[in-house]
């Protein structure tokens, strides 16, 4: 009697453990961009993107697996994205020490995996390990380097089980990058314009060489006037420095700066302003140059190409933009929306 | 203040803390049924496996549990350090940050984030720099002999704190705005949102050690409030006691700040509140302030993680709740100092 | 029990306030330090108590150097009654007096019931029993001074050092404090107290030392040693020292001369 009861209890215990073991055995093992091996469930349906760049990467490739956003859509951003996606809940960021996301809220959403797209430094790798250990949810890091965008698509596609979309996007991204690269290569060094990228309302914040903010602009074959200041991130400069650099083209993302630069006596003296080569980058629903630094920048490359090297980029921009938005944001923009997007880089009529 | 009043205050605050802990475990953004909580608690105590979904267990044992315990320890530590410093510096407006420990820890953490170090090293750097800042202030003050060692110590702390603050500002300026600056900003605002079991265990030894020192020296710390000359004349080795209190308070505070970021007001406000109830005698003030601090921090952290859909920073909440409370104390309480 | 200063030079680093001081204080006697304000009496006392280091010479307690002894040992032999001041925190009189027992506690201990009883006895001895639970910061200056004396009594030391214990007290409280001092000496304590008032010296002192221009001169019993000439040198004013018969005993008093002549001129 006793032995049968003991055997019975053992069987129950094994039965209780069995689902866990079964999961582990049938789960897939994947490796992320920093070499961390993570075990995933066989089907990944619910994905939590831990930061804005990750959100866009996921949304472009597999919008139906998106659980929510890190910050809500602004009213002027909403029209570019189907309502059912724009209405998804907001979770906050789970990146960096000091996430705004409430871990319990994330857990309550029952994600199959969490991933982040961008920096793969030891800080982020160790944070990923901690959160994974704390919550039991697999956490993956994908390298956000500009040149590795095609790899990112393929890796994420394989992880979440949308290999076909992953391959398609990877090809699209690789083709875009190669196309831009080839055209820029044909423009001689001396004919590449000297560009100043002015950020913020005063326009006096710019990116140094190699900074994540300058990646698009530099890939599009611009010579960064701030390169002489060295390598790094963002810096504040003075108007005297800009005047000394005398850029041929000015690119900005701030509408207030763009509106005011034409009348400002200091800026007016610059050749770029006189020749009306100041351009406001479109930013809806996501920036075309750098905010956030994710796959949304791909469309910006085409736009930059036309601004910087009109001879090398002769095809109309409009169909490219329409196509990109339909692919990436899953909604073909209306003609008036396209007008609004493409008109922002024209100087005001005076 | 009578011994009876003190015992009543102690008992009430202990009971209050326990009640608050139960409430904190019960509420949160992840739905946890009371029965589940009881099952997990019982299983954890008796060593069995509860019949509760794995995610719920994770929430209770890995997410809420360490966070609640960390909040209790940090609140207790900051309040105790504040109470000790207020006696030591004979000034009710002193906080544990006065010698620069928070500024030092901030610089350490910010440097760690800037150099993209592993989180464990960021915490360790914060801890080490917090200690180093106070040690520097202490040794500067020791070299500058004068009539008033307390004043020189405070001035040295203020100067070091200002210097380190400038360092933090510089790093913020240079940091990567996408990957580093949000992390830095949030660290400086204080948060327990990522507190893990390891965090809690790492802060425990320093907290226990520091509290033990304060507890052992509690009578002499009380006597120090008489002033250096009089305390010495009744037999207190003022220099040594002062050094021991500063070492203990700094150790505890640096450990707390290294896992929670900068959290202000607790160390200033809670000792005040406790003093209003049980009087300035440190032997009574220490236990009451410690319990009050733990309860306050737990309450604020619970609000931080339940009030909104996203987390609210602790440092902001303690200021928002603490400032009006402090003003009210100043206005309605009797002047407790001339 | 004896406190002794031998050829003591005192002051702060780099600044000598007084030198060549020779003093002794034994149990059962009252020694007064007389001198004008600003003359360095407090600095002398702080040096005698070991709160600042001597700049020259030595301070001996029971024959061995004071500064080599640990604080708690000194505190069991020498008590300090500073000038009454306002406090920073609202301790009660009982709290303040109880702190005097610190020297008798082991390093990590808190006061025991016997300590509390001794503190209460000291409070009663100085007549403050009704104020025992009052806040120290809210009682009058005179009461605060008595509380500080009670603290020194609770400290149960054979020797006491009192720095201007009657400063800022009214006439009645001054007399009360001096009566307490005399009573303590009769009980066997040795008391060193500083004052700027010659009459107080005549009232209670067994010996007096003058502190003037950096020199400390022990002139022995005031009845024989303290005369008008010395007081004129000390204070720069004309005085007359007379003897009065008070309750069958002769006591000297010091009366300023200048004010008197103005009145008599008017008569």
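Order of writing sets the labels: A, B and C. Residues in every chain begin at 1.
FYI, contacts are C-beta pairs under 8 Å (C-beta built on N, C-alpha and C of every residue); 3 or more make two chains touch, one makes a residue touch a chain.
These figures come from a predicted structure and were not determined experimentally.
A summary of chain positions shows that the Cα centroid lying nearest the centre of all protein Cα atoms is that of chain B. Ranked by distance of CA centroids from chain C, the top chain is A.
Averaging C-alpha coordinates per chain places the centre of chain B 44 Å away from that of chain C. One inter-chain figure worth recording: chain A and chain B are separated by 39 Å, centre to centre, where each centre is the mean of the chain's CA atoms. The distance from the centre of chain A to the centre of chain C, each centre being the mean of the chain's C-alpha atoms, comes to 80 Å. Residue positions of chain C touching 2 or more other chains: there are none.
Within the complex formed with chain B, the chain C residues making contact are 12-13, 46, 49-51, 70-72, 74-76, 78-80, 82, 86-92, 95-96, 99-100, 102-103, 105, 107-111, 137, 151, 155.
By the touch criterion stated above, chain B contacts chain C in their complex at residues 1, 87, 90-92, 145, 147, 216-220, 222-223, 225-226, 228-230, 232-237, 275, 279-281, 283, 336-338. Chain contact summary for the complex, chain B toward chain A: residues 28-31, 49, 54-55, 58-59, 62-64, 109, 112-113, 116-120, 122, 174-180, 182-183, 185-187, 189, 191, 193-194, 196-198, 261, 305, 309-311, 313.
Listing the residues of chain A that touch chain B in their complex gives 16, 20, 53, 89-93, 95-105, 107-108, 110, 118-119, 121-127, 130-131, 133-136, 212, 232-234, 292-293.
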